[in-house]
């Protein structure tokens, strides 16, 4: 059955940042230089082609964009400046919006105004909520412990509640990702055993970013790894050791050590990325979608306010610390609440999943290949 | 060594002779049996020439022209075609194997084809053996 | 040579006698010939013996008109004898000129001829298997007859010839011209063809000639011909274009295609090859199959092309 | 034939010949031949010293014939002829034996190769004896030029020549000038208006005092030869004759009849149209479907009738750019309209075309590639698609089976020779290639002349080409003609056939055979004669002449026979 081509898709993708796709005339240089492009995941050319012809369904089930780390080689090599790298980036944005069942992601990506508005709104609500809550349970002068404006125990509960909510949302989208790329394809019948056997890929890629490491340029990987680990450390500290982080004056040195390291990591990488994007130092920094800016600003803001309120607290300026803390939360909540499930941040889940699913796909295809050969041989005999 | 046929080739200047030159420039080897005589067009090949070759002891005569439709002189090759058709009948009537007289189309770009034609004709004539013409005429004379 | 009578001989080799008749066909002119010449040898008309000829001094004869081809050792022997005895030796008629009708025998071997003539022939009496052999022993006596050659030769294959008078037979008025010319001592360059034109029959043929394209060949009886139009253009294979004129267009004028007895023009080496070239050139088709179909309309091309000149052709005979 | 003094020069061509052929042996064999005065084996005979040796020998040893056994005569015959000329003897006293291309380069056995080389050399020696001194001849040149066709090429040629002050007669079959370009709206890749380009030229041509324009006229017959043609033209006022020195054929092309490709249903489906019908719409500025609605999706199908085994194997050259141009024109007329290009390959060679392709791509034209043998299918669409058409295509670049909706399909029809091309070719005595295009005298070095002297071709009658190509070719042809007109007389090649009037019997065998109608029959004298200026020396008539009255200069029976005897001397010595 022929697939209907949709000439409008290419226009829609422009909103996600793919502005030069139509320039491509399929010389295939991009796929040739890409260290990752190999059968059956031939990108970026194939995805470019699907996009030009507007084969929406094909693209939805296509994991290739997640297998690309935007080292920029392809864009550098492209004779037509069709920016295959950026196209893959845009496709990742588009896919995120496709996986997301709420449709919020779609809104955000198509309009930075809506995204910013949503962030500001959530920030305002958070601010208001915490102020009322804080002033009801304690006083601005007290930082932690009984009568504190923000008792860590309460925040801790809040964090977990929020955490579960996000995980829930993310899980549903991941399930949709699975459905698009594997579930709905009758040709891909994958045994449970395979799912189990390959499961290790998830944590492996999540923690090592191993595939990113294989790109020819190593620095982007290193930076990304630092950012990711710092973020992770901070997450762990907050989710599990918040009381230790917040308690004082005498403090657990481990929390200190990790806390400072992570903060340094976050701030450093954020600063670097911002600088890069402003100066367009790298190919993958040339084109910046609004969502990229919002993400970085938000990250910087959260990390910044985090460390500032910590310092104030150390300095014993509890009132100031508490107000900063409020500001901090006004950043954290929209970041976790909106960015993680609906925007750029979601890739922390989708990328490792893509590795996992693609491995499964490949295995299934090989199996089918062997099977068909087998039947052929039998028929011949 | 065995019998090496002696073939006379009449090649038209525009297609076949150029084709034969191409075989040379592209170093395509073929049997040294052929001796080429250049004519402007295969239509210049007077049947008298062919009979003359046979009476002089040629083991074969090859006439090559442009492919039908490609003649430099628009239709000369068709005229050659007609003459050769009748000539083959006459040669047969003279008791000479008609394979000894052959018409082929070889274009300027067909160096390989020219080489193949020569080799094929050489092979066929080697199988036929040498032309009897000169021996028989000599025997006749010896009788008187 | 005025005053003194011309000494002439007429001889026939392998011939039908038509050429001798052609001489007689000069009607009363023959009397003038008798008046101005002594006919020393003319087997068909006068009684003369080889011995008389042998007795002559070399060059004693002013002129010998030799008609007929050389088929056997006798023909050759007498040819050589007459060559020695005559100042001028003229190949008279198609047979001496080109081998003529007897020359057609060059398509078969002597054995085949004997087979047909002496062994396998309805007119042979039962049980008679005699074939002529050069030497036979008849009760002690050896009988010798001329050797029958493998093939037929034209006169100049065996002796040097001074002039050629073509035709089968030569047209009487041409004969007259030749004899008068020689009598008058007006001799053309040695070796030339006399009593004929340098051009071909078409030159004298009254039929109108247009541009020639033939879709089919006809035997003369297969078509009702246009008496005004060139026979070749009507698909009737005519040798006029490849044949010296001089005959007075005898055949075409009587509705028959020229058979080519006067032989090719001065620049043509092989009459048959030229006829081939001409005939094939006017075939109106580009498709090999159709061309073959059209050519099928010419049965037995060889016998047509070389009717009078097979021994004079480049290949001279059939090879088997 | 008096005693000749022949010099034989065996070239080693460095080692090209010498490494297989024993050149010294060949020279020795030559020395032994009668008439050979000197025979030398030399490293590079074509080199300056090599040629000087020949010149020196001719002058000092009094040679009157030269044989060079070397490369192909197609390579160096002119070189050595010049050498003979320098030495003061007729250049046609040269004969070459091809012992490189047709000997040393194709045979490895030195013995056989040397034997062959000797035979070829001997043949050349035997032949050269019979060579005759030939002189180039000159005939008067008529100043008028005849231009056939009033298209862009014809207009250009006419103007170029008239501007040089030489009279031109322009014959146009139709009732107006402009040809096919007049049917075009804009031109790729610069999107200039074809009309504006033409209007100006047509005006100049109409007004030009040196140009006589004959509309609704056709060439009926062309007699004569270069410099002295006589053209019989049928005009609407009646017959018109003019002399002409040269002729430029610019009869152009005709579009491929799309209905021949039944597969696309042209003529059956209302909204399947040809590129020329689209041009018309664009020129009228009303781009509508048959239903009178502006189309939402237009599909352009490339290579209709071109690059296919059953129709034309060649590429029509301009359609790709034209299709891209439509992409622009349609988008600018209907910005919301989607354009699909269904193509085999995109041929975007030439100035500005690659950029144009890129710009079109950026305008979101959707390019769908199909396999040559596997044409897109046009099917009626479901109501969901507004009752238009659906085009199914196996898209080559993605390997996917795709369908796209379309309410207007444009068939990019290729160019083909005009129906009357064969007639024109016959009239002016030029040849057509297997596709029917007129054949130029050399595809690379002489693309405007033809095998008939004085007949030139320009524009799309020679091969599919665009406006720049046609204009360039027309200007080139005019330049060639003006160069000829710069002289009072023109040179005619020395090699041609001639009839010996003393032998011709007027059988007219040759008349029909001549491909150049160079043989005329004098009905009163009942003789045929060759118009040497028209003759191209193919020799067909020579072989056919039953009375041996026609002589093919430089390829005479005697010369070729000598050659035959030469190559077969070995064989005959055996028998």
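Letters A, B, C and D mark the chains in the order given here, with residues in each chain numbered from 1 onward.
Note that in this section a contact is a pair of C-beta atoms (placed from the backbone, for glycine too) under 8 Å apart; a residue touches a chain by one contact, two chains touch by 3 or more.
Here the structure is a predicted model, which is why all the values come from computation and not from measurement.
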Chain pair, most C-beta pairs within the contact cut-off: B-D
Centre-most chain [mean C-alpha coordinates]: D
Distance between the centres, which are taken as Cα means, of subunit D and subunit B, whole angstrom: 29
Centroid spacing, where centroids are CA-atom means, of subunit A and subunit D in whole angstrom: 65
For subunit B paired with subunit C, centre-to-centre distance based on mean C-alpha positions, whole Å: 33
Subunit A-subunit C separation of Cα centroids, rounded to whole Å: 111
Overlap residues in subunit B, where contacts from two or more other chains coincide: 46-48, 52, 75, 79, 83, 133, 137
Per-residue overlap in subunit A, given as positions that touch at least 2 other chains: none
For subunit D, residues contacting two or more additional chains: 513, 540, 543-544, 557, 561
Pairs of chains, among all present, that meet the touch criterion: A-D, B-C, B-D, C-D
Interface residues, subunit C side, partner subunit B - complex: 73, 76, 107, 149-151, 158, 268-270, 272-274, 276-277, 279-281, 283, 285-286, 288, 291-292, 295, 298, 300-302, 305, 313-320
Touching residues (chain side subunit D, partner subunit B) in the complex: 72-74, 98, 100-103, 105-109, 112-113, 115-116, 119-120, 123, 431, 433-434, 451, 513, 515-516, 536-540, 542-544, 552, 555, 557, 560-561, 563-565, 567-568, 570-572, 574-575
Of all residues in subunit B, those that touch subunit C in their complex: 46-48, 50-52, 54-55, 68, 75, 78-79, 81-83, 85-87, 89-90, 93-96, 132-133, 136-137, 139-140, 143-144
Subunit D to subunit A touching residues, read off their complex: 297, 338, 340, 346, 357-358, 361-368, 392, 395, 397-398, 400-405
Subunit D partner contacts - residues on subunit A that touch it in the complex: 1-5, 7, 10-11, 22-26, 46, 49-50, 52-55, 58, 80
